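Below: a set of structures, written as structure tokens.
Shared chain: chain A. Partners: chain B in the first complex, chain C in the second.
Showing the complex of A and B:
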């Protein structure tokens, strides 16, 4: 039973990364009509920024500030990408956005691989979150519990920002009809840039959260992004809550698979995608592409 | 939504005559390679990738479907052929057939699944399917996991042609490439190809004209996948191994890059693109991961400034379709 709970926890953690990443993909796709292939590379950058901040002799900035600084740094990097490259794709076929961001991902991952090789570098768990507690039925490492709860809070906060605030209302309106929203005096291009920054920042945040668990590697996001694509195909990109729930649910299913049939744990998400496509081709949240 | 290729010139007898002339020149140039002292292994490798890129281009350039998982056909056919040659000890021609059959079955299954969604989702689905296959091959016993199938016997094609001789192998690969290329050329200029182009330009209109567009796209997918498998089978004889690299997503990305560099939706673009990218990898092999960075930069530059590709720009300049 212990092993089952442990795998469930691992599943919940992977699920929180799926949720944070697919959430960002959905927000970006809504505004920019681009599937951000560079999302995995930017997730990796988030982890690396935290690593640099900690290991730089002059800065040695720890985990807690990194949790805020890394998403901002990567978010700014993302906004520069949007201003200098992505914005020129407006009006072109969606596929060009995929190709461009794939190229960006190759560049970013290649540069990091050149300097850091392919092996992982450890990132220590902050002192406050070390150790674990005994819940009676299982032993819970505090850091892992923290990752799940914190991701959940961030996801809900993002959902609240987009669905319940005035800024979110502008955002949703601009997704529907950018020209009309511009006519009301809202600076839509700036909003697009900020949206890309937000989506990318969420990816970087997931990167920082995963650094103590999965180590910091240049290719840590390369395979993850493909799984997240499958998550997005399953859940659809129509709804924010849909992305969050699908992300967590698939993580849990993956965890269960690790316990009951470990051989299939790498493939279960893809197999589920195939099943969903066969039964309900539009994805679970149901909006046609 | 703007179409991927903006130069849609009508298919006229003159255009086809132009393309046939270019084809004959290309065939003669390639046939003379063994007499020039150019390293034949390099050209053979490039020819296999050129055929793969042409097959991929059939789907994106004429069907508007961007497959991000074409490596799965290359790799699957490679594994099937390698297994048939080494374990079953079949002659080369049957080995190739087994590989093609493998890719054909795979394209039936994956096509049935992925054709259900359009545009960007189609790309993500094909990518996810190829990753699924990658993990299956990683664990399956017959692929030998990380080691791959190595030391594949080359044998005698039709009992006559000794494939262990580089020159003989070169001409066999060349004939295979030219046959595949001509078949694609024929498909593009057939009524079926015209309907595909119509679907690419405006799918709702094609539907309203009474075409069952899903069936056309499915057929295009199967043709493309099977031809990509043919390229994979040929590659087994050149590389004499079949490994996980051929199924990996980065291979799918390279195929996209070759076609993009040469020109999406051009007849000869993928061939030029394949030669450019393979040559680049050859010369930059000593630079390690910088090759990845350079490939990424080419992606970015092509998308931002050079969307027609090499052949597309030339064709646009001369107002011809190439």
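Showing the complex of A and C:
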């Protein structure tokens, strides 16, 4: 039983990262109509910024400020990418955005590999979150519990921002008809830039959260992003809540598979993706284009 | 130049000065050249209607004024500012509001969000209670999904949401299209009331009968040009010509 709970927890943790990443992808796809293949590289950058903020002699401000600073730094980097490159893709086929962002991902990963190699660098768990709790039925490492709860809070806050606030109404409306929203007096291009910043900021946040669990490596995002795209395909690109729920659910399903049939744990998400594509090609919560 | 002779609006005691002056407006959709030099004026406080057959360039004229047609040349002066190179968000903030033909109600927003979406661009917009007074149906359906409304209600919502922004120059593109006669009448009353409130309205209409109940002046658009213009008083005298223009 202990092992089952442990795998469930691992599943929830992976689910947290899936949810944060697929949420950002969904937001970006909605506004920019771009399948952001650079998402994994930006997640990795988030972890690296956190690493510098912990280990650099001049910048060492630690884990907690990194939770805010890393998403902002990577968000600004993302906004520069959007202003200088992605904005020119408006109106073009998805393929162009996919290729451009894929190229950006390769370049970013290449640069980091050049300076840091491919092996992982350890990132210490912050003192306040060290140790664990005995819950009676299982032992819960506090940091892992923190990651799950904090990710959930961030996901729900993002959902609230988009679905329940005035700013979110602009965002949803501009996703449907950017020309008309602009003709109402809203600076839509600026909103698109900020949305891309928000989406990659969420990826960077996931990177910071994962640093103490998965080590900091230039290819940490490249490995993860393939699964996240499967999650996005299963959930459907369009829906915010859909991508959050699918993210967590698939993490848990993966964890359960590790317990019941470990051989399939690496492929279960992709098998599900194939099944969903056969039955409902737009994804579980997606709408037909 | 005959074009400009048609274009110049007669100065009337009932209306203010020229608020919109369009000269030699040309516009393109991609490679297709749609407007070939549009000339007309709108005075403050007037309801001016652009008449013409399908594809004549009426909607494109409104969209070019609003700044949402990519390639446009000529001059569009609003309150003496040339806005031909201005982006649509800035044009909106100068006080022009646009209600598109397809209404543009957002399906992912409820009625309240749709209504409150356009930002306030200046003081002087209608307060919400006056808007609900004009369109009582909307108040009852505030929490419905925008596109769940009937066609008539969607049209009312599309007009209502631009009334609270403070824009005093409204462009309505075929507000009666596809609606039942009783709703058309209600929209006619609304336009008359908006005129009384001091709004200036540029209307595009296929429904000539409807236009004649609200408009002060008419311009006829054909092949991307204004080919004629007359006031409501001259309407009877121009009836035969108009039938030929519109093919009705």
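Everything below uses one rule, namely that the second predicted complex is superposed on the first by the 287 of 289 C-alpha atoms of A that agree within 3 Å, B and C clash if a C-alpha of one lies under 4 Å from a C-alpha of the other, contacts with A are read in each partner's own complex, and residues count from 1 in each chain.
As a working rule, a residue touches a chain if its C-beta (ideal position, glycine included) is under 8 Å from a C-beta of that chain, and two chains touch if they have at least 3 such contacts.
Bear in mind that the values here come from a model prediction, so they are computed numbers and not experimental data.
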Overlay on chain A: chain C relative to chain B, clash or fit: fit
First (chain B), second (chain C), both or neither touched by A:139: neither
Per-residue touch tally on chain A - higher for chain B or for chain C: B
Which superposed partner A:64 touches (first chain B, second chain C, both, neither): neither
Partner chain in contact with A:261 - chain B first, chain C second, else both or neither: neither
Computed vertex angle (chain A) for partners chain B and chain C, CA, steps of 10°: 90
Chain B versus chain C as contact partner of A:102, first or second or both or neither: first
Which of chain B and chain C A:187 touches, first, second, both or neither: second
Touched partner set for A:160, first chain B, second chain C, both or neither: neither
Partner chain in contact with A:179 - chain B first, chain C second, else both or neither: second
After superposition on chain A, the shortest CA separation from chain B to chain C (Å): 12
Doubly contacted residues of chain A, that is, touched by chain B and again by chain C: none
Complex contacts: residues of chain C adjacent to chain A: 66-68, 87-93, 97-98, 100, 104, 106-109, 113, 116-119, 121, 162, 165
Of all residues in chain A, those that touch chain B in their complex: 29, 35, 85, 88-89, 91-96, 98-100, 102-111, 113-114, 222-223, 226-227, 229-230, 232-233, 263, 266-267, 270-271, 273-274, 277-278, 281, 289
Touching residues on chain A, where the partner in the complex is chain C: 166, 169-170, 172-173, 175-177, 179-188
Contacting residues of chain B [partner chain A, same complex]: 1-4, 60, 66, 68, 113-114, 116-121, 123-125, 127-129, 131-132, 135-136, 138-139, 249, 253, 256, 260, 288-293, 295-300, 302-304, 307
